[in-house]
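Next come two complexes built around chain A: one with chain B, the other with chain C.
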Partner chain A sequence: MEKRLIKKDALTGIIGKIAADTTVYAPVKVEDNVLFKVLEKGDEPLVTLANSKNAPKNFFFPRTEVMLRYTRTTKGMEFSGGEKEAGEAVLFGVRPCDARSFVLLDMLFDQEKYKDPYYIDKRQKTTIVSLACAHPPYATCFCTSVDGNPVSSAGADILLVDLGSDYLAEIITAKGEKLLKYFGDVKADAAADQKKEAIAAQAEKEIKVQIPAKAIKPILDVNFEHPFWNTIHQKCLACGTCTYLCPTCHCFDISDEMKYGDGRRLRNWDSCMFPTFTKETSGHNPRPSQKERWRQRAMHKFKYYVDNFNAIACVGCGRCVMYCPVNIDIRKIVEDISKL
Partner chain B sequence: MQNPYIPYPVEVIKIVTEVDTKDIKTFRFAFVNKEDEEKFKYIPGQFGELSIFGKGESPIGIASSPTQPGYVEFTVQKAGVVTSALHEMEEGTRMGLRGPMGNSWPIEFLEGKNIVIVGGGFAFTTLRSLINYMIYGDNRKRFGKITVVYGARNPGLLIYKEELEAWGQRDDIDLNVTVDKGDSTWKGREGFVPTVCREVAPSSENAVTVICGPPIMIRFTLPVFFDLGFSKENIITSLEMRMKCGIGKCGRCNVGSKYVCKDGPVFSLAELDKLTKEY
Partner chain C sequence: MENIDKKLREEAKRLLEEKRVDVLIGYETGTLPLTATPCFITNPEDAEKLVWNAFCTQNLAKFVHDLVSQHRESQKRVKPEDRKKKVVGVVARGCTTRSIILHLQERQYGRDEVVIIGVPCTGYVDRKRLSALVNGEDIQEGAREGDQLVVKTTVGEKKITIKDALAGNCLTCRFNNPILSDVMIGEQAPPMNPDQEYVEIEAFENLPTEERWAYFTKEMDKCIRCYACRQACPSCYCKTCFVEQSQPQWVGLGEDTTDTQVFQLMRLFHMVGRCVDCGSCSSVCPMGVDLRKFLKKIDKDVFELFENRAGSSMEDAPPLSRFNEHDKEDFTFNP
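Up next, the complex of A and B:
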């Protein structure tokens, strides 16, 4: 693995150079929010962000995406084209929790038998440059409870670690290798590695919250009907904020829209929190109240995903905790489940 | 990479109105591109997404049998946006079809056994596929005795009437058609499906029953088969859930960690017992 040292103030210049050659999505300040957007000439990417408000899953699994188009002909409605393929891109400034979410989403969208071409196309063409959390930014961070780590390179093609005066750039994958030329020729030495180790150890310590997320699967296995499920949903508004901000939530709806004989089929983010999510034409709904929907959300993340892919579908980013309008806290739920 | 979300273009080549209430029709589709028929190689019990551009998609069990080449059939009740649009269609119209999806009736498991088919109302479509598959030519030899119990509320609601007639003529199917309540012209059997099953009393010896119908019918039919000595491994059924993608990605049709669209829709009662009752 190639490693480079770059001066701290050189980073924005490097991103600018990459952006001159290819599309770069980077975190920028938009009003009060930090959001990922396409870097245009003159845009300054944020390199000292905490984390973006939205998870960057949007770049591989957009909240609305055209799946196909059709048009009216004399024979009826006919297919007129698929969606155009994505271009090469670099996604800069992804935090390790969010980078790891891509590994989890790959398990679902890139299975052996059923492949999702829309996701895979964008995923394959995008290089991910992660920014390690030398100091985990939020009190709600809990990545270390769900197999993550603030300095993890999982899901990243290049990992940048803030060493104080320099960044250590670790080239993780062959895709990352293609960007090596932008990162100068100062090879990182053993001292840099040691510094990184020390920062990683410190960063891990700074995460104060530990939850028993990995221990609750056997409890969930046998407690589908537990009265506990009557309690957690009580204050839920079914707004779906948690699922929309979640880096690993992947449920979607497919809908059609038409105008003057031309139409398109879209896929839109959907949410298991919504009453209509499982409602059938007959009126029957297998998840008739918020109780069943919350149980589904908890089960999906901490049991079903583990059953199917041997991984918890949570990266510990803390967004659902921070932005839930009624302060439902997944950490507390996991804690409570562990005591059932 | 084959895009599983892009439907094969198909043409409606035949429409049969199955019931007096006219809200259940069988649609026969031919593939516009011959090579797509090869790609849509299916097994009885699988389903497809009927895709109408501008309206949406609806997952429907395949009613024809793979032993009937050249077309594929779906029997559809008019209910929502897509199925209503479908019911407005005329022969010659083009639309889309995705699939085949899901597992299937466990053909290999059924081979060499006596088969008891139990259907209620309009949930007889993939059972019809299975029956036509089993009785086709040399296939018939691969299965033991075939007993069919099929019921509807009244004679006008029985589907596949011509086929029922034809099956009734054969001596290698024990066909028992029943209606909850007959009318002046009905000469056949009257009685609810569970009752008729008890009367027909198929032996559980080396036998498997495949049951599809409304929940109320299934609830009262299962005890009959338990009494007859059928094990839960030998009672097979098919589930329905709201679906979108059909390939286990969109996240809504799961029962526990199983997706009905790709891990189902066919489950044995033994398998269902291990899942949550959220369907």
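Up next, the complex of A and C:
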């Protein structure tokens, strides 16, 4: 595929041009938070950010989504569709860890047994422009332990790599090629490729944290009942911070809301950390305490997903580590499990 | 501070060895630089982990309530004659003891079910404020040197005066020393700055209604309904929160702004006369919602109407659970 070189200071202009033609979601500073949001006139997209607080999965799998609407009439219920079909959009400035989360979510929402129309519609119409981490932004980054890489193009349609004075823009997919016209006509030479390789090697070295994430699956296989599960949940507040900021968490709950004769069926995010998670109508909950719910979180990421899709459901972005209000550190949990 | 850690560990170890407590809730050093995290100790040897410093953020009374209720729940399935009492030890600063007093006044557990290790407090570092002071750069290493924090980020080293990074509630705290304790560790801490307690609130009150409403809606728009605020709050101990009730469903679970506002408003109103201004809700909020502004306004109202500060003494009962014929009522009707 094509490769282009663009001057560093030209990038903001390019984003602006794309935004003039189509909807662009990019990281923007909102008060003290960096958030992915629709780029509006006057918004300054951050190109030198570390990473956004909210994960960009929100665009394919939003916190609330209307699945269908219904109206009670004299002839019975009348049903109509949910959200309007998504429009074409560009997701700009996605870090490689977050871009990889799309690959992982595709395994679930777009698979042989089940195809999720809501997710797939948006996913197909969105072009992802990734921004490689020439220097991994956080001390808590651990993407290389979970099959990721700071300069990886997995999940991206276009990958931008900061080469110092220029950006190397690599077109990865056919979808990405449609945006090629915005990236000028300076073709990248072999020297740029070499530079990229050097940067990638250096970036990988800069990731300080290595956890045995891939080694714990056989341990989890045989330790569903283990006293270890009594130790991690005690200080857990049972809030949803980790799961709501996680790029790969995807549990949801379906609820109906009805006002007078009009109703809508909603799909809302759920969290395995919530006491209502998997609570049944009878009042029974197969995961009655935070212990079982924490076991579920660890198992789902490092065992069940591996069982189902042969991939760990974690991209190593470090959000849950950084933002857990009581410092429950998934890196330490994985470490501890490896020693069971 | 070394000294206070040593005394704390000794005391905790003794309580556990003498079996005066079954479990002790305190703080240990966290896995991220400049953090501490709650820990639960049952083995006397593990008391060595305990620390008490400016990074101990959470109000541990929340966990006291959790442990006592869980234990009581588990005892329901035990024959009455075989039931055991569980005693929880807790490391408590001023606001934590206020929460415990509130729990005792609200008959959540007995005084004999909790052993309070009182610690003096000079305020805790607000992680979000600290982050803002280093322009949001990733904090990679950090150490305390006297009244300064030496913070190493990706762009270099920066020295920060601790006071600049303290949580807002700590700066104007009125009760930074324990009000109630069984054992007291260390000297009484010097007073903070309670005279300034309502300065921000007065400024807020003086704004026109539209501006106050605009501020409220702006803050609520940040909320992602992760419920960290509710979960961290020692006063939010309802077995089932109204948000989680489904028959009837009081509030929608979706992203609708009004639903979010209803959740937050209801939580705020449940805090009338019950907020001890520990700042836990604000500190745990991942999105930086300024919850304290509204809670402090309610706190001010309660003080002006009932001369009560939640949990400030065992004798002074919460205003909404006592009757006083001289209570002001001019806000209920205008004759």
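The rule we apply is simple: the second predicted complex is superposed on the first by the 338 of 340 C-alpha atoms of A that agree within 3 Å, B and C clash if a C-alpha of one lies under 4 Å from a C-alpha of the other, contacts with A are read in each partner's own complex, and residues count from 1 in each chain.
Criterion: contacts are C-beta pairs under 8 Å (C-beta built on N, C-alpha and C of every residue); 3 or more make two chains touch, one makes a residue touch a chain.
Here the structure is a predicted model, which is why all the values come from computation and not from measurement.
Asks: So if we stack both complexes on chain A, do chain B and chain C clash, or do they fit?
Replies: Aligned on chain A, chain B and chain C fit with no clash.
Asks: Which partner chains sit in contact with A:33 here, chain B, chain C, both or neither? Use first/second/both/neither.
Replies: In the superposition, A:33 touches chain C alone.
Asks: Could you say whether A:206 touches chain B, chain C, both of them, or neither, answering first, second, both or neither?
Replies: Once the two structures are laid over each other on A, A:206 reaches no partner at all.
Asks: Which holds for A:255: it touches chain B only (first), chain C only (second), both, or neither?
Replies: Both partners, chain B and chain C.
Asks: If you stack the two complexes on chain A, which partner ends up touching A:266: first (chain B), second (chain C), both, or neither?
Replies: In the superposition, A:266 contacts chain C only.
Asks: Applying the touch criterion given at the start, work out whether A:237 contacts chain B, chain C, both or neither, answering first, second, both or neither.
Replies: Second partner only, chain C.
Asks: Tell me the angle subtended at the Cα centre of chain A by the Cα centres of chain B and chain C, rounded to the nearest 10 °.
Replies: 90
Asks: By the touch definition at the top of the document, which applies to A:197: first (chain B), second (chain C), both, or neither?
Replies: A:197: touches no partner chain.
Asks: Under the stated touch criterion, which partner chain does A:67 make contact with: chain B (first), chain C (second), both, or neither?
Replies: In the superposed model, A:67 contacts chain B only, not chain C.
Asks: If we overlay the two complexes on their shared chain A, which of chain B and chain C does A:44 touch? Say first, second, both or neither.
Replies: Neither partner.
Asks: Scan A:78 for contacts with chain B and chain C and give back first, second, both or neither.
Replies: A:78: touches chain B, not chain C.
Asks: Considering the aligned complexes, could you tell me the closest Cα pair distance between chain B and chain C in angstrom?
Replies: Closest C-alpha pair between chain B and chain C: 7 Å.
Asks: Do chain B and chain C land on any of the same chain A residues, and which?
Replies: In the superposed arrangement, which is not itself an observed complex, chain A uses residues 253, 255 for both chain B and chain C.
Asks: With touch defined as at the start, can you tell me which chain B residues reach chain A in the complex?
Replies: The touching residues are 1, 3-7, 9, 52-57, 79-80, 83, 92-96, 240-242, 244-245, 247-257, 262, 276, 278-279.
Asks: State the interface residues of chain C toward chain A in the complex, per the touch definition above.
Replies: 30-33, 35, 37-40, 57-58, 62-63, 70, 128, 131-132, 136-140, 154, 222, 224-228, 230-232, 244, 249, 252-256, 283-284, 286-288
Asks: Taking the complex as given, what residues does chain A use to touch chain C?
Replies: 31-34, 50, 53-54, 62-64, 135, 137-140, 234-235, 237-241, 244-245, 253, 255, 257, 266, 268, 271, 274-276, 289, 321-323, 325-329, 331-332
Asks: Quick one: which bits of chain A touch chain B in the complex? Just the residue numbers, please.
Replies: Going by the criterion above, the answer is residues 67-68, 70, 75-79, 82, 108-109, 111, 113-118, 120, 224, 250-256, 258, 263, 265, 270, 272, 277-282, 286-287, 292, 296, 299-300, 303-304, 307-308.
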